[in-house]
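Okay, got some structures for you below.
In what comes next, chain A is part of two complexes: it sits with chain B in the first one and with chain C in the second one.
On to the complex of A and B.
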């Protein structure tokens, strides 16, 4: 008989049990021969991931923290002088510069409007899906799936074409409806620029919300709903007291994801700026950092703003991370 | 709400959401002259493949090969790395395991915009700006957290008893793993691989930062095609380019769609 424990430090007889509580659904106690603190096996298996994350994320993060305390003037940009230590100057600028606060406020407003619209429309569509005949439901979910699958840049080119001032189908349609939109340029005015951006972002984001919420809605018990209806609960009451509590976990996760996605809509804004938007009036945090750092080589201030975005994101997602961590058997 | 009203609303919404995708395909088959008309053409009667032949240029082929190289490298490396880590997290209990899981979860939340300045400076210092290696390194790190998380779920789902039973029947640990566990893992590897493919193929932000205008991945090429000069834009050409970029994505996406939805809800963030 082959030695089962040949590559294990712990002998197969009388295996030590895991010294910490074992959570539901996991089989720690079934793995006696490998559950040991002394083995270097697991660390070797983790090594490639750890090295990749250190190289591509941890090291740049450290550098970015250092850079946020440095100044990059003209001499540094020409490569003739090392960066200069400026203490908290970049952070002072971040806190006091009205231009930066305009961008932050604009980003938060954009994020709020887009995430709310996406959640409301997505939840409404998911509810509608439960009321459709099978054929219509398949048609709707297929078209949502196509919209979701579109690569972001391919979607942007199509929307640019739809909103094209001369030959765009949207201007044509509005003109047919009796409004004079011939040759109307959508991207030059910042407000209408953000309207276009919102249409695109919502169109792209809604399918994910619909599918997530719809699958949660199918978990709502029909019997309970019927019983409540018999007891005289109206439509809103049933939604508020039965449906909502059931779908709440999914709803809150999806909301958090939408918020952090809509806080950093780099691709869409960057693309629309290139297609005719005025960058200085339409920058959101992502494009602002890009312009500051990559275009103007002000790495110090760009790093400080980027760290602000990082911290904001981690604060928003901390509850979500905690719940995922609890769900994991860690 | 009556069923008829609901169905009517459902059909209108379905048409509304599919319309941009339809419009892309429709325009791609129109002759250039027909796309520049005050009245749009809604069905591509009399259309042809000329727009496709116009965009299949050497610059498209260069971008295609660049994107294929980056994507393939990212998928293979990320799958191997993530698989090893998933095994460690799922099959072993060791000091630092919780810390590793927590790190993976937090890293998933980090937006590209929060680090691309220093990633740019780092690759510049290493002479890896504008290179397949540099871009792939960033992509691998970006997809690893989710692939580890997803594969961990799959490994968890395969009872270790199965392996042990095989070992009692005479298999070595390695052969038990490859004969029993690995085949059961195949769907998980496919799903994670497709996820990594989609991310690397579609990614725009880091590519914009890292690659210069002469070396473009497909998304950068497509943007260049659409933006070059607004007045004379060849829209059927741009739409044909979009169809070419989108087609493999849509096919792969349909294959793993169900798993992506549940995966995203239970712990993925990169989208």
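On to the complex of A and C.
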């Protein structure tokens, strides 16, 4: 369900791609058209989206809210017993269980480390791509595209083999370098588990950031950069005062998306837990909710935690989203 | 400008939405045939547990006898519980017949997911059939919802080049393993998270995971017998194996085939996966000789209460429990519901060992909460801590508490 929620945040990404620095006059020009051309056309265009949103978002969300106030177990899932209303009991458990708060804290930490690393590496690579010759740039973007287009389970299988304690290339390489890594298990220690997970998640997320930021960078006005250079601005100054403000709208949208994605990361963690990670010490919100709901059939509590994640996501990203709307209104 | 922006927005969000919706439709399993006589979908657990010839036989016979097209889907053990949980109540998605592990089945029989098959079982022979312990597991009071499908005991396979004769006791086994253990080569391959095999040590010394004291389940890992078993397995972990601490009971025959282990423990059907020329098998020895009461693996099969082809499902289930079909399982080294199949074991070391181990086999606590608890992978973590050399008494006390609260 959160999948749909985050994807629907995508659309606002499109507008800021317009060449931005031309703020002056823009408003004045726009106002009369807005008043005169108020026809029903645009609303008709929105209709399919609204219907799709209701079907794909409102129903599951509503169902989830209802379930979070119910005792909903296996018998209810199989339809053999009616759900029982429990009021705020699930939320009380959620707020008072220290185990749940450990998972929440772990998830937030994981999310910020991964989102920051992804953004920094992605922006750096995108900037690099503007300086490369065409051939090298195509080679780089093709390999990035492959990394991004690789189905997640296929990629995870490869990563698991790389880090496999018995047959993994990583252990073999480290052993060849003179360190004793024979049979070293990367996944049983929670810290090195999250190191491996971070490598994989960042690897999978960077290409999207690179492409988005690179396309924004191509919109930066050469004239302004040249003028700044003539005025004596150095490389870092030009990046900080011209490039960064220009690509800011794209950067903030991509950051919001990264935060949302990394907060609800599931597949990578779930897969690595199956490959030797200790569930109780490595659960993040995604896998925790899955275990609670699907494995242990406590759908009521699982729904309550899932709604908590939704609220948490809104709180964390509210600043970015607000600035996004401000930009769109400007 | 305004218009094109809006159009782009609409287009982008429609694309985003169709992208997710197409993703979610591909997730759905094949719709099962709903026409009478027509199609029956059977979910078998594990990729290799039911031998392929049995599946072929089932398809042929179902077509010939009842004009039913049987679709068999093999579901990995790891996905089984979640897939059954999410589909069993839904007529359009549910398999008609589903196999579940004997530790998982109670959760579903108690929740009402399966149809009553007591008459079918009685028609096949009822009380005269074998595996009555698993009948209990599949029943709620006197009604049978999930019939025993097969049982399989774990046996120890060994490389005849390294091992001359079967050890008499568990202690002898550990000693033998330690003498064969060297860098990169396990005397006895036992993964650090392989709780399903390691638990046999606890059973062998007379211990239990948990017992029912009249009104609740109580963890029993700290009983003197359990502690003795856990300490014995810790010694094997420390002196007799090179298996990684993150390994489970999956693919334990691979290191054996590669010549990196002298012994390993696996269900009887693993015999078909061994590539060595000179090998044999013995039943895991008990603490004081004889065969240890190993963890008895086994499966029950049930008919989904939501299946809209109950007649067809009953017919196919009758085929799966028929003597001919079960014979194919018996030939693959499994213990079947027909007592006469036990005679097949004579002369075959794997089947003999399997029968010896099955005689005294134990299963997990019969709490309806066990399946959910097993999914938390707590048992894996416990044996990981033991394999890592932690203090056994402390570990046992800690997990007793967890087990007691989880099973009630």
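For the reader, a short list of remarks on this structure follows.
Note that the second predicted complex is superposed on the first by the 239 of 330 C-alpha atoms of A that agree within 3 Å, B and C clash if a C-alpha of one lies under 4 Å from a C-alpha of the other, contacts with A are read in each partner's own complex, and residues count from 1 in each chain.
Rule of thumb we're sticking to: a residue touches a chain if its C-beta (ideal position, glycine included) is under 8 Å from a C-beta of that chain, and two chains touch if they have at least 3 such contacts.
Computed from a prediction, not measured in an experiment: that's the story for all the values here.
Measured by the number of chain A residues touched, the leading partner among chain B and chain C is B. Contacts of A:102 after superposition on the shared chain: neither chain B nor chain C is touched. Touch criterion met: A:159 reaches chain B, while chain C stays clear of it.
When both complexes are overlaid on chain A, the residue A:280 reaches chain C alone and has no touch with chain B. By the touch criterion stated above, A:81 is placed in contact with chain C alone, chain B being left untouched. In the superposition on chain A, contact of A:270 is made with chain B only, not with chain C. In the superposition on chain A, A:295 makes contact with chain C only, not with chain B. Legend: residue contacts after superposition of the two complexes on their common chain; A:125 is shown touching chain B, with no touch to chain C.
Of the two partner chains, both chain B and chain C are touched by A:49. Across the superposed pair, chain B and chain C both touch chain A at residues 4, 7, 18, 30, 34, 37, 41-42, 45-46, 48-49, 52-53, 56, 166, 274-276, 294. Interface residues of chain C facing chain A in the complex, by the touch rule stated above, are 1-3, 5-10, 12-14, 16-21, 23, 78, 81-82, 85-86, 88-89, 107-108, 110-113, 183-184, 192-193, 242, 244-248, 255, 305-306, 372, 375-378, 380-381, 384.
Within the complex, the chain A residues that touch chain B are 1-2, 4, 6-7, 18, 20, 25-28, 30-31, 34-37, 39, 41-43, 45-46, 48-50, 52-53, 55-57, 59-61, 63-64, 67, 125, 128-129, 131-133, 136-137, 139-140, 142-162, 164, 166-167, 169, 172, 203, 206-208, 211-212, 215, 250, 253-254, 257, 260-261, 263-264, 266-267, 270-271, 274-276, 285-286, 289-290, 293-294, 299, 302-303, 306-307, 309-310, 313-314, 317, 321, 324-325, 327-330.
Interface residues of chain A, counted against chain C in their complex, comprise 3-4, 7-8, 10-15, 18, 30, 33-34, 37, 41-42, 45-46, 48-49, 52-53, 56, 73-75, 77-81, 165-166, 182-183, 185, 187-188, 273-281, 291, 294-297.
Within the complex formed with chain A, the chain B residues making contact are 1, 3, 6-7, 9-11, 13-15, 17-18, 20-21, 23-24, 27, 35-40, 80-82, 84-85, 87-89, 91-98, 100-103, 105-107, 109-122, 137-138, 140-142, 144, 148, 156, 159-161, 164, 167-168, 170-173, 201-202, 204-205, 208-209, 219, 222-223, 225-227, 230, 235, 238-239, 241-243, 245-246, 249-250, 253-254, 257, 261-262, 264-267, 269, 271.
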